[in-house]
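Structure, as structure tokens:
Naming follows writing order (A, B and C), and every chain is counted from residue 1.
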Amino acid sequence: MSVIPSAPDPFARDRGGPAQPLLSVSGLYKHFPVRKAGGKKQVVRAVDGVDFDVLKGETLGIVGESGCGKSTTAKLLMGLIERDSGSLLYDGQAVGERVMPWRSYRRQVQMVFQDSYASLNPRMTVEQSIAFGPKVNGVSGREAVERARALLARVGLEPKRFAGRYPHEISGGQRQRVNIARSLALEPRLVLLDEAVSALDKSVEAQVLNLLLDLKAEFGLTYIFISHDLNVVRFISDRVMVMYLGRVSEIGPSDTVLDAPAHPYTEALLASMPSLDPDNRTQAALLQGDPPNPIDPPSGCRFHPRCTLAEPICSEKEPPLDTVGPLHRVSCLARQPGSGHSAAPARALAA
Amino acid sequence: MLIYILKRLVYVTPVAFGVSLVCFLLVHLAPGDALSAVLPADATQETINEMKAAYGFDKPLPVQYLIWLWHVLHGDLGTSIATGRPVLGEVTRADINSLILASVATVIGFTFGTLFGFVAGYHRNSVADRAASALSVFGVSVPHYWLGMVLVIVFSATLGWLPPTGAGPDGSGNWRPDFDHLRYLILPAVTMSVIPTGIIARTVRALVADILAQDFVEALRAKGMDEFGVFKHVVRNAAPTALAIMGLQLGYLLGGSILVETVFAWPGTGFLLNAAIFQRDLPLLQGSILVLAMFFVVLNLLVDVMQTALDPRIERA
Amino acid sequence: MTAPITAASMALDGGVLSAGDTAPEAAFVPSRGFWGHVGHRLVRDPVAMGAGALILLVVLIAILAPWITPMDPYKGSMLRRLKHVGDATYWLGSDELGRDMISRLMLGARLSLFIGVTPVLIAFVIGSAIGILAGYVGGWLNTILMRTIDVFFAFPSVLLAIALSGALGAGIFNSIVSLTCVFVPQIARVAESVTTGIRKRDYIDAAKLSGASPLTIMRVQVLGNVVGPIFVYATSLISVSMILASGLSFLGLGVRPPEPEWGLMLNTLRTAIYANPVVAALPGVCIFIVSIAFNLFSDGLRAAMEIRQ
């Protein structure tokens, strides 16, 4: 999805030029300590070494089963929880350091939460909720309210009717529009949508998705779109990242990843997705059982206990995230030349 | 279970130390000097210093606290400034009297409270239910020292049925389990029982109504269990909470007995506290408050452990 | 770019930006806000309204007492001691020093209300602040604050009140201070638990993302959500506070003679329970009525606030 030329210059605040990733994540780790019966200290490896870039103007979809670390990744990216290690580079500047303190980073990066009701203060009117951000950032009260009203109109909610309402007085779709308006109130460049449409009815979901696409074009936004719904991700994303047990298993252009997946896990995810088109149904094996416990993940490739291609080598060696095509990277020994996996392509072919 | 008890103990220990610290500091909140009440106004500086040294008031506060705590841990609560007798003995004697009164009041409160609570819980929105909720509002709203006065007015001053004050006919200050002494116990115990009656009635009503509304009761009835069988189930499920509330109420009554004991001149801790406050007998004040608060801490612990032991639904980790 | 399902659902989508998801729009009801709803429900509760009216009446009498008492509440007459209720001059009788009971009860409402309500008000402010801080900040600050509060919880409240005012000495100020110390931990504990429940809500995260300082978030986003439940809890304490405050005066630890205060009047009239029992019990009736009114009003308020959100 390219930036529409008629839009106001989206790169006005750009530093590193269009080729520099807007957000560059590397070596992100987050382990949560848990105490099991018996007093032994253990950790949940919620995010366990994640690297990816978000390109300017794109929509990066992040998919995976529940518990794969999507939401933890989102919270880490927003600084809502502290990362154990790893770095975030925003337009080339290290977030959390002097050049880019969290405060100024957050003015450029905003988030829309899944639960439209829980993410709005029940004691504040819609307008107050939207105006809160600009107000705490030094915009005068009247100006903030004006901005809130303009944004309400922009997300399709007539200010006269909606500005003074409380969250419980409007529908779920309307609430999510309010949440979107709030996320835009600080004029961010990157918006992180964490399951933002998952709780909505299908028809409402489609409207909100279209609204998101329009806003993206109008304001020159970049999206990170987290969802468990592959259809929605396919609709909105330019690139897709698949996560499994706190790791990236595959990342690449939507069409490539979702039509010709290289990782057996992506294949299985796609197969488990209901399709209306009989010709489109794959014969690949469905996912069996639940994902393993992230407290004690399997050795080697974390997917091997559920994988159809699993071989002894898979439980010994951790697969690196390897490039298999243009912009397409996969962490699977069966796709890695010279890995020792019987299905691995020959070294010469990959070169 | 053992692990649970140990955990509770670990949690209670710092609280107990905090309580001792508060009791200790209480005395130093007092305006003026702890000794000023007993020393003659024209005492020489030498006498004052001598007295201070004798009671240890000349040392810095933290040292005083540690010394005091050390003595307390060995069962020595100091000597009463007013009477010169050991505080522990005075407090123990008074505590026994108070405990008798509070226990009887708790038993009365528990009996009537559960009775009203069960009737109200079984027949929600009936006249009995209304009466029970009126009773519980009455119980928590009535100034019990006033209620004591009213009872004295009615049953002693007007009808002459029961004695108005004291613990017994001889005025000895010690209650004994015989008929004569029992007559002296009735009015204060009934007065004190009003609060626990109201609170227990309210709690039991909610518990019973809650249990009866659950699916398993329906299932028991469907299996053909008679009403008495169902009743037994309700009792078994309501008992842990009701007993826990009862235990805590005993502690509150003991701590709050001072007002009622004053009305009835009952020779308990309340009476002792009153004397300690107005004679500014600070070691006695400190000692009696410490004993009462510690009793409450231990009672809380026991209630907690008992409730956990009785109630299978509470996690014992 | 298009998957079958999305394509199908897109077809359902009429005007993209016409707020199409305004499900069959019901007749528009103007927003009342939370407190508007509570007030609306409260006025329909006859018991709470009756209790509220009674409280208002007592407050009015307390405020206007110096101008509306039929007689001088301080001037006694040893010849006219302990007149009975229904006396031609002394409508509600006279006390042990021959002072007019009704005038003293009216003026007594002032002090009784003042020493009963003030501790709860102060404790409401301090306790909420401590509880919200502990609940919102969490971590070690929470541990320190809440463990300290646990220590105060280890004392039964009557004992703590009497111990504190006993140590501080008699007087109105000391009695208010000790009762405040009794209620601060109770209110702080409620405030802490309510705040802890709210701290993890998404809207608090959203507020953090807007760059607001913790203080601003507590003031703007947290306070509005926790103040209701804490307030209801505080109103339920007023009745206890009235009883305890008058109890302290009854013991001689609060208001000092000759000021009229219900608890103190009850104490001084104890000597008269044989001569004139009805008059002796009157101050207690006043405490009881006001206390029950506060309890009923608080119950009504709690019920009115249990609104589906």
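By definition in this document, a contact is a pair of C-beta atoms (placed from the backbone, for glycine too) under 8 Å apart; a residue touches a chain by one contact, two chains touch by 3 or more.
Since the structure is predicted, the reported quantities are computational estimates derived from the model, not experimental observations.
Student: Farthest chain from subunit B, going by mean C-alpha coordinates, please.
Tutor: For subunit B, the chain whose C-alpha mean is farthest off is A.
Student: Going by C-alpha centres, which chain would you call the most central?
Tutor: Central chain is C.
Student: If you average the CA atoms of subunit A and of subunit B, how many Å lie between those two points?
Tutor: Subunit A and subunit B have C-alpha centres separated by 58 Å.
Student: How many Å are there between the centre of subunit B and the centre of subunit C, using C-alpha atoms for each centre?
Tutor: 25
Student: How many angstrom lie between the centres of subunit A and subunit C, each centre taken as the mean Cα position?
Tutor: 48
Student: Please output the residue numbers of subunit B that touch at least 2 other chains, ranges allowed.
Tutor: none
Student: Which residues, counting only subunit C, touch subunit A once they are in their complex?
Tutor: It comes out as residues 1-6, 8-10, 12-13, 16-23, 28-31, 33-34, 201-203, 205-213, 216, 220-221, 224-225, 308-309.
Student: Which bits of subunit C are touching subunit B when the two form their complex?
Tutor: 147-148, 150-152, 154-160, 162-164, 166-169, 239-240, 243, 246-247, 250-253, 263, 266, 270, 273-274, 277, 280-281, 283-285, 287-288, 291-292, 294-296, 299
Student: What residues of subunit B sit close enough to touch subunit C in their complex?
Tutor: Residues 14-16, 18-19, 21-23, 26-27, 29-31, 137-138, 140-147, 149-150, 152-153, 157-158, 251-252, 254-256, 258-259, 262-263, 273-274, 276-278, 282, 285, 289, 292-293, 296-297, 300.
Student: Residues of subunit A touching subunit C in their complex?
Tutor: 75, 78, 80, 103, 106-107, 110-111, 113, 115, 118-125, 129, 132-133, 136-137, 156-158, 161, 164-166, 168-169, 171, 173-174, 177, 179, 182, 185-186, 201-211, 214, 230-232, 234-235, 254-255, 275-277, 280
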